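There are two complexes below, and they share subunit A, which is joined by subunit B in the first and by subunit C in the second.
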Partner chain A sequence: MDLLLGAVVLGVLLGCFYAAVSVGLSVSFGLLDVPHVAHPAFLVLASYGVYQLNESYDIDPLLAGLAITPLFFLFGLLAYRVYYETFEKRGSDAAVRGIAFFFGIAFIIEVLIILHFGVDQRSVSATYIGKSWRFGEFRIPIRQLVAFAVALGLTVLLAVYLSKTFMGRAIRAVAQDEEALRLMGANPVRIKQFAFGIATAVLGIAGALLIIVAPVEPTLDRAYIGRTFCVVVMAGLGSISGTLIAAIILGVAESIVLTMFGASWAPAISFAMLLGVLAVRPQGLLGR
Partner chain B sequence: MKRRTFLGGAMAVAVVGQGSRALAQQPPIKIGMSMPQTGGLAGGGKASLLGIEIWRDDINAKGGLLGRKVELVVYDDKSSASETPAIYAKLVDVDKVDLLFAPYATVPTAPIMPFVKQRGLLLMGNFSFQVNSKVGHDMWFNNAPWGPADSWAASFLDIAQKAGGKNMALLTADQEFAQNLALTAREVAKKRNLPVVFDQSYPPNTVEFASIIRALKAAKPDIVYVASYPPDSAGILRAVNEIGIGDDVKIFGGGMVGLQFAAVMSNLGSLLNGVVNYNTWLPEPSMYFDGTKEFFEKYTKRAIEAKVDPLGYYLAPFGYAMGQMIDAAVGATKSLDQKGIAKYLRENEHKTIVGPIAFSADGERKETATLQAQFRGVKDKDIEQFRSSGKQVILFPDKLKTGNLISPFEAARK
Partner chain C sequence: MTKHRHTIAFWAGVVVFLVAVLSMTQIVRNEYPFFAGYVILQFIALAVAWSILGGYAGYVNFGTNAFFGVGVYTAVALFKATGAPLVVQIAVAAVVGMALGFGVGLLTLRMRGIFFSIATIALAIIIETFVMNWRFVGGAAGIQIQRPPVMAPFDSYVKMLFFVQALLAVTAVAIARYIQNSRIGRGLQALRDDELAAECTGVPTLKLKLVACMISGALISAAGAPAAMYLQYADPSSAFNLSYSVSALAMALIGGTAHWIGPVLGAILLGSTQQLLAVTISSEVNVLVLGIMLVLFVVGAPKGIIGLLRPRYRLRAGGKP
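On to the complex of A and B.
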């Protein structure tokens, strides 16, 4: 019983971390319909930015993540503009071909990281990494708690921003009916560009959490491409609160399987759950 | 000077000149290989390649092999098993290389074994594990110090049982190298009537190990044998530090890849203390042979520029040793005949910078030289500390031993 309870607690923490690394994709892919397969590569790039600041100036990884957020916002604006001008503008099938564009970006990011940092693993140091809180026999890694708290905050903040602010509502509107928004005099492309910037800026913090939770290496994006898309699709495209719920379900399922049933089954169970959700609710858990 | 003498001298100079020109015009000897330069194995692949390049430069400075320069033809296999068959077919059929070196690691090497056997080609193996056990190619020679298949697990379990270990937990990555290692560990444990109380394989890309370590701890093992790859090794040790492993554990480690690489060692720092893990070369007094010191002087300078492992203990000197063995065999047979080279390699003991190497019929080392070493007194964030002896005390093999095990594991970590 203790083992099961522990697995659930660790799974919730892991799930919140998965939510943090997926929530940007929920905006870019879920709301904006951009086939952003470079999302995990952006995430790893952010981790390396955090690593550089931590290594060179001894800045706390979370603060470093916050510091690179504006840069990532600008990077997002630029990436979307290039994607829009070269692919999206030319119609829907051109958008599908845009997948190649984002694959290309992911590959370039990977090569640039290798050229600059080499291929070795990198990690950061902070007082909360490598220690745990003890509750009797049960111990919780503090880095997981930090990731949990920040991820939860980040997801709630983004959900509030998208539902309560003028720009957030505009982003939701552009996702629902771009043409109607254009008729009302707004510029949907600008709104989408801004939203993509937000989705990328969020990765500054998510990248910090990634390198806090585990060391990173240039090709780590491949490990996250399945997980992040799985969370976003299971959540229901564009649903931020759904992303949090789906990520927690995934995290708990993984943790229980790893603890109780045999580690080899973890990926199979996750994807079986995704298929199960899609079979019962094709629109995802909280999709419309 | 008499006219005849002058003419004779002039002719001699001309003949020598022609000869040396002919020698200079001879095409280089091409050694082909794929090497992981991107992907999960790239850290090791790049360091290994640098070791081979240092040998190439040294041999070329001495005039090459058979008076011909040595040229390396290298492709990036991206750490992927699916890439290597095509690369090696190209090396043989298009690039027409004279000799083949295998890529670093088991996973990219395994799929090329049937090809080299079918073509009757010599393959110098590069740190793969048991890739020839089913293929049975008689022109395969592994540079790794593993030795007989079961010796790796046997040496670890010998130390563990002497320390009072009565049962074992196995935690292994779900990939070929780790599974091969786990297989031999299970076989050795069975022969010794050592119960396996926990036996789990975790899938690649596992992010968080806290749950697995909690389950392992609940099984209350005495011996914990881990066979992991670099990204996982760090995750496992972090989780062990945070979750704890239990006071019953006498010894922890065995087959963790990554704990030999400078970046990982530096990242983990004091978390390494107490872990007993395999290794290949360490800066302990018993590990220096002819040329070892000179090699590391060159490696240390070039590693910074090449952005590879600044220590380079694990693979780089063995890459150099591959070249030394080819040099010896080609020199002795005075040809590039692969069968002749293979016969020479099989029948002789070879002096290298990592010690004497002799092969058994399966192309693996006759005698294991795989080290089992315990991390001691490691501090955080200091790569330079690993250059001095005493940080990784060698417990096995006896002839290279530099200390005794500190047990139990929790005590050794302090």
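On to the complex of A and C.
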């Protein structure tokens, strides 16, 4: 029983972390409808950026994540620009080629990381990594608590930004009715580009959390395709509060399966849940 | 009348090609060309098979590796259990691939766009996880395969596999060509352009997609079946490697998916480039070249190589909606 309780607690911590890595996709795919398969590849790329800063200048991983955030924002602006000019503007079979486009980008990032850093696992060093708190039977690694706190803060911050600020509301408006916004004199493309920039910028911090939680390797993005899309689809497209709930469900499910059946089944869980949701309730748990 | 003449020309070409391949196995002594050629032929089969669903119907399948890996492991399990000959392994792999295609189709073909694509990745990973936990075929560690004695008229197993893969590639091309010119192909193209409109005008869209998914799956699994014999080894992470999915998709899109010749061109061009690069540089650079070419073509030449070669085609097929 204690084992199960421990699994649930760790699952909730893990789930909040999953929310942080998925929340950007919830904006880019959920709200803006961009088939962003390269989201997890950008995430892993951010982790390697954090690793590099930590390794060369001994900067705290979280600060390093914050430092690369502006870079990722620009990255996002550029990526959306290219996507818009080549696919969205032309219409017709844009979706098919758009998916292939991001799939190609993901692969290019993966290979560039391999060529530069090699295939070995990389990890960061910080004072809170390696220690853990003991609660009776089970222990909680402090690295997971740090990731949990920051992830929760990040997700809530983004949710507040999207619902309370002017720009955030504009982003939600453009997702709902682009034409109406255009008629009101706003430029939907610029709003979407800005939103995509935000969605990518968030990955700076999320990438730091990824490498804080566990060592990273270049092909890690493949496992996160399942996790991030599972969370976003389960949440109901574009729902930020749903993202948090869906992510916690995934985290707990993974943690329990891991405890009961062992690690060899772990990669399939998020994908199996995703398939289940797509087959049974494609509008997501909290979808309209 | 011209259609009839095209068919004669096509089959004449096929016979010439197969005779050339067969005599090459009898004349050339060095094994390396067959080793490299096998991979290119395998890519032709994969790219052409992918384009039946991905190109004609516009459903971007990321799960080529699932069907490929299932082909590999059907052959491995069958060989280990019964010692069945290669022909039987391929035939059973094709049947299993077709059944898998049916199952995958039923589950996923109602999904559109990215949802379908992600679902196919999901299936690949789930199947890979099962194989990793399957002791009989070696689990995650993989399994060593002993090649049986080679059959006449071949004097080495690699040459025989080369010929077998040539047959598979030709079969895939012939089937893709047949589909393209048949009612199935026209129906698939109609639903690719506008699924709702196609459905409304009486095209049985789901049935057509299922058929396409089954044929595509059977061909990919069949092309994968000899891979264990070729490498004398099989393990889940290589058999289900995502790079099979990128390769098949990239080669088909780069060649152009509007005509069966597109994937063939793409596979020959990229496959041979990769073989050269793998020898001269490294396998990572291969994937990089593949990725960059994919992105460049998708952005700059949406109709692929055949679109560049036949500008008049672009007017006919791309044109105004």
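A few points about this structure:
We adopt the following convention: the second predicted complex is superposed on the first by the 262 of 288 C-alpha atoms of A that agree within 3 Å, B and C clash if a C-alpha of one lies under 4 Å from a C-alpha of the other, contacts with A are read in each partner's own complex, and residues count from 1 in each chain.
In this text, contacts are C-beta pairs under 8 Å (C-beta built on N, C-alpha and C of every residue); 3 or more make two chains touch, one makes a residue touch a chain.
As the structure is a computational prediction, the values presented were derived from the model and not from experiment.
Judged by the touch definition given at the top, the superposed model places A:L275 against subunit C, while subunit B stays out of reach. Legend: residue contacts after superposition of the two complexes on their common chain; A:L25 is shown touching neither subunit B nor subunit C.
Applying the stated contact rule after C-alpha superposition, one finds that A:S255 touches subunit B and leaves subunit C untouched. Looking at the shared chain after the overlay, A:A126 reaches neither subunit B nor subunit C. Judged by the touch definition given at the top, the superposed model places A:I191 against neither subunit B nor subunit C.
Judged by the touch definition given at the top, the superposed model places A:V96 against subunit C, while subunit B stays out of reach.
In the superposition on chain A, A:S264 makes contact with both subunit B and subunit C. In the superposed model, A:V150 lies in contact with neither subunit B nor subunit C. Of the two partner chains placed by the overlay, neither subunit B nor subunit C lies in contact with A:A159. Note: residues 110-111, 114, 222, 264, 267 of subunit A belong to the subunit B contact set and to the subunit C contact set alike, using the contact criterion stated above.
Against subunit A, the residues of subunit B that register as touching in their complex are 37-40, 42-43, 46, 174, 200-208, 210-212, 214-215, 218, 230-231, 234-235, 238-239, 241-244, 258, 261-264, 267, 271, 307-309, 380-381. Touching subunit C in their complex are the following residues of subunit A: 29, 35, 37, 82, 86, 91-93, 95-97, 99-101, 103-105, 107-108, 110-112, 114-115, 222, 225-226, 229, 233, 264-265, 267-268, 271-272, 274-275, 278-279, 282. Against subunit B, the residues of subunit A that register as touching in their complex are 3, 6-7, 10-11, 14, 17, 110-111, 114, 117-123, 125, 129-132, 139-144, 213-215, 217-220, 222-223, 254-256, 258-260, 262-264, 266-267.
Against subunit A, in their complex, subunit C makes its touches with residues 58, 60, 62, 107-108, 111, 113-115, 117-119, 121-123, 125-126, 128-130, 132-133, 140, 192, 242, 246, 249-250, 253, 284-285, 287-288, 290-292, 294-295, 298-299, 302, 321.
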